[in-house]
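By written order: A, B, C and D. Residues from 1 in each chain.
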Amino acid sequence: MRLRTSCNIKFEISEPTPFILMLRPRSGNQQWVEREEYKITPSIPVTEFTDNYGNLCQRLIAQPGQFLISTSSEIVTSNFIDQDFGASFVDIQNLPDAVLSYLLPSRYCESDCFYEMSSSITNGHLYGYNQVSAITNWLRDNISYLPGSNNQPLSASQVNIRRFGVCRDFAHLGIALCRSLSIPARIVVGYLYDLEPMDMHAWFEAYVGDRWYTFDATQINSPGGYVILGFGRDAADVAIFNQFGPLVYPTEQLVKVEQISSDT
Amino acid sequence: MRLRTSCNIKFEISEPTPFILMLRPRSGNQQWVEREEYKITPSIPVTEFTDNYGNLCQRLIAQPGQFLISTSSEIVTSNFIDQDFGASFVDIQNLPDAVLSYLLPSRYCESDCFYEMSSSITNGHLYGYNQVSAITNWLRDNISYLPGSNNQPLSASQVNIRRFGVCRDFAHLGIALCRSLSIPARIVVGYLYDLEPMDMHAWFEAYVGDRWYTFDATQINSPGGYVILGFGRDAADVAIFNQFGPLVYPTEQLVKVEQISSDT
Amino acid sequence: MRLRTSCNIKFEISEPTPFILMLRPRSGNQQWVEREEYKITPSIPVTEFTDNYGNLCQRLIAQPGQFLISTSSEIVTSNFIDQDFGASFVDIQNLPDAVLSYLLPSRYCESDCFYEMSSSITNGHLYGYNQVSAITNWLRDNISYLPGSNNQPLSASQVNIRRFGVCRDFAHLGIALCRSLSIPARIVVGYLYDLEPMDMHAWFEAYVGDRWYTFDATQINSPGGYVILGFGRDAADVAIFNQFGPLVYPTEQLVKVEQISSDT
Amino acid sequence: MRLRTSCNIKFEISEPTPFILMLRPRSGNQQWVEREEYKITPSIPVTEFTDNYGNLCQRLIAQPGQFLISTSSEIVTSNFIDQDFGASFVDIQNLPDAVLSYLLPSRYCESDCFYEMSSSITNGHLYGYNQVSAITNWLRDNISYLPGSNNQPLSASQVNIRRFGVCRDFAHLGIALCRSLSIPARIVVGYLYDLEPMDMHAWFEAYVGDRWYTFDATQINSPGGYVILGFGRDAADVAIFNQFGPLVYPTEQLVKVEQISSDT
């Protein structure tokens, strides 16, 4: 389908404040960027670089006063996420070098602590895709999805105790469980068509059957309509904005996703 | 200034034909991409990757029939290119690692053959920016700028014999002369506001005084208004399209650059 | 000085076990590798790749039976670590792109939780090197250095509660405190001449005054004699061996560091 | 087999002279570095970086007087090069991103000029490995191998006219012919056991059947015993030393390769 996304973020800045933004979608295997807008008001110098995960990041210093980020895009993405029950576990020795770092524990995914839990959840399931699917189902059944229930990232261990959370929390726990089984997993942030309530979204991908597959325990019927802004080990890597110095919060953050057509 | 660029290319394809395109501008130190469109008609799968030089490249297989690439962008770029007479030569040992490969000879820049010529041209000039400036002036005075005079890239040696050429030819000879003096130099392709006649353009950058500076021997008064699509060692690295299999030529290629405003 | 290092690790393997090793020192700004040996017994296929942090990593599958890794090297390294009191804090906007990821929280360095503590520790100190020095002194004064006191990595928060630890624990807390002040910091693993008791070692580096500086709160007089094996965000990135599948522990791990000469 | 290689190069330096060296072998899919030595006399600061092709490069400034580079290594490498007649041509769209740049023409491989010649040479051969094999045989039959016959790199076109040359010349022409058929090809420099007369060596690799294969038209029976120092597009990328400033020639360059054992 073709989607039109937009994200507008407003800040009141009181002193010069460095920002690193991650709001420019990149074309890749899963999406094609047909149109894209990215405006900073007032106009100030911005530079862009590619981080370790291949994401485009924008650096700037916001000046005192109102500071407005307006982005929009038109994206061709799949109507359905790829599913492949039976896709096999990839032996460590056969993983591409670039995928290996997604096996390691990270700030919010303490995968070193989850082996017993993931073994129990996936007991009896075929190694690979089906294990990740079992983890995703477990998350759906055991964690309550409460959009807006927290602002700061929680780690997988915290989520596992709390038993409710936002999309990011589901992703962190899912990733930690996968990695504890030696299945590479990474967080993805972006947009999802028809998300309720509409907001930025986070989900995860697992590497099985020689490619990355999308998993999202917050959704029921595995719909399509995903738009990717960035990949990373966990939420620490994929903040849509990182701000330095005295904390500033957005006075407004408006996200929209509309369908332009169902063609792909 | 704010520029609106567009480039539309049409092909008649007779058999499935792999293409690698380089038509998506990236934001960087010298430009900010405010809006950008990239449409392939008919719609087919496209993937994108970043090459060794940091350029975004698009891969696809054009199918038989009409094949149309339509791109446009709105870019904030400088009204004037930075000039810095006196910017010093950077000793080899102080060059960043990533710059070193721009000292080596390449397909169309046989810098290993130009040391005597470049020494003579820059004789008496301060090492660094002024040497590159002397080279640029020499090109203006000694090579006739004849847009459209050739289609295939010529090497610096060929250009030096022929004494006339297109923008790319000027860049190749300029780069070869710089590198022969151990000044890193690279080709840039993109758009230039008010270029006569309007078309894709090529120029070069030289690394002096700890940064890259723009040089364009085809223009007289060092105007601004440059929009960058890609960097490379020479034209072999920065074709806006590379096509594989039996040769196909565009049946139409239309380039436009308009000024939206003079603000930066 | 010139140092001769060696590290021999023995395992008894019961089933084919994938390993990723990080035991090959690289030459860089801080050390020159004059000689180096790396033997795997019995001989099996090994491949090598460079990870995101520039470390050389070795991949192999250990076969059942005895598995022995023998490495040694001769390294030229400094007699004293560079110290530069007064080296200034680098504003975020002036940090190189590649350094930015060392500002983010990571698995064992929850820098997002340490701002109050680090502000208090560094209160009254000049921004930059002196802040990091104050943090290092605070660690020396408040955390007891107990080599061998734990085997599994602890996070900075855990170390801060426990108040004793191994070299890695000091590094994690130091890094978390630095990052909370927007000072990039990274862990380093390797060897240290005259370490008591001799073993692999870990310390940290902070980026101030436009370069990385070495800090090691486990040592008193800032001696030299460091040999680097790897850099990373924290211990999760720089395990000298990562092993997958059922856990195997070394039956022997022998580390030696001798001085060959005091020349540099 | 296990090989012991050594390369000693002596210079008389008259003024401070920047060098970039490429004399440290890396472990990879095709070889394992068991031992390695790299000494610079007199001892001076050296730094090391990884270039665009993954090679380890050493940077230094040689000081006036005698300057000596002594390297040696013990390498495990195959007794036979892999051959795979029938390995298929890889369609452009299926080539890994990182391989694409080896399709482009480069300084000494003007592949854009060789399509007719390569089509004629490979006429009737299966697409892929067999085409490269036909090219290699053609080189053996049509170019005379005259070690020592030139010092400066020649381009494929020059070699094709001259009809004799050194190992590097064979590689350049072989690479140009492969690329003109859309087969990625790259130069390799290093050592070859039993080479007559012993010296540094160059050969090429072509990407067919989803991996790189070794081809060496200067040798008859496809022996093994190759030790790799570097990869690149052509000789411009893989000089074992690049020296800047007034030219200095080695007063001595001694290369040795001995077999330690035939085990692998």
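Convention: a residue touches a chain if its C-beta (ideal position, glycine included) is under 8 Å from a C-beta of that chain, and two chains touch if they have at least 3 such contacts.
Quantities reported herein were computed from a predicted structural model and do not represent experimental measurements.
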Any chain that touches chain C and chain A: none
Centre distance in Å when chain B and chain D are each reduced to the mean of their C-alpha atoms: 30
Centroid distance [mean C-alpha coordinates] between chain C and chain B, Å: 43
Intercentroid distance (Cα basis), chain B paired with chain A, Å: 36
Where chain C touches two or more other chains, by residue: none
Category of the chain touch graph - line, ring, star, complete, other: ring
Each pair of chains that touches, named by its two labels: A-B, A-C, B-D, C-D
Sites on chain D touched by chain C in the complex: 24, 26-29, 32-40, 43, 45-48, 50, 54, 56, 58, 76, 263-264
Chain D to chain B touching residues, read off their complex: 18, 20, 49, 51-52, 57, 59, 61, 91-93, 97, 100-101, 103-107, 109-110, 112, 152, 182, 236-237, 242, 244-245
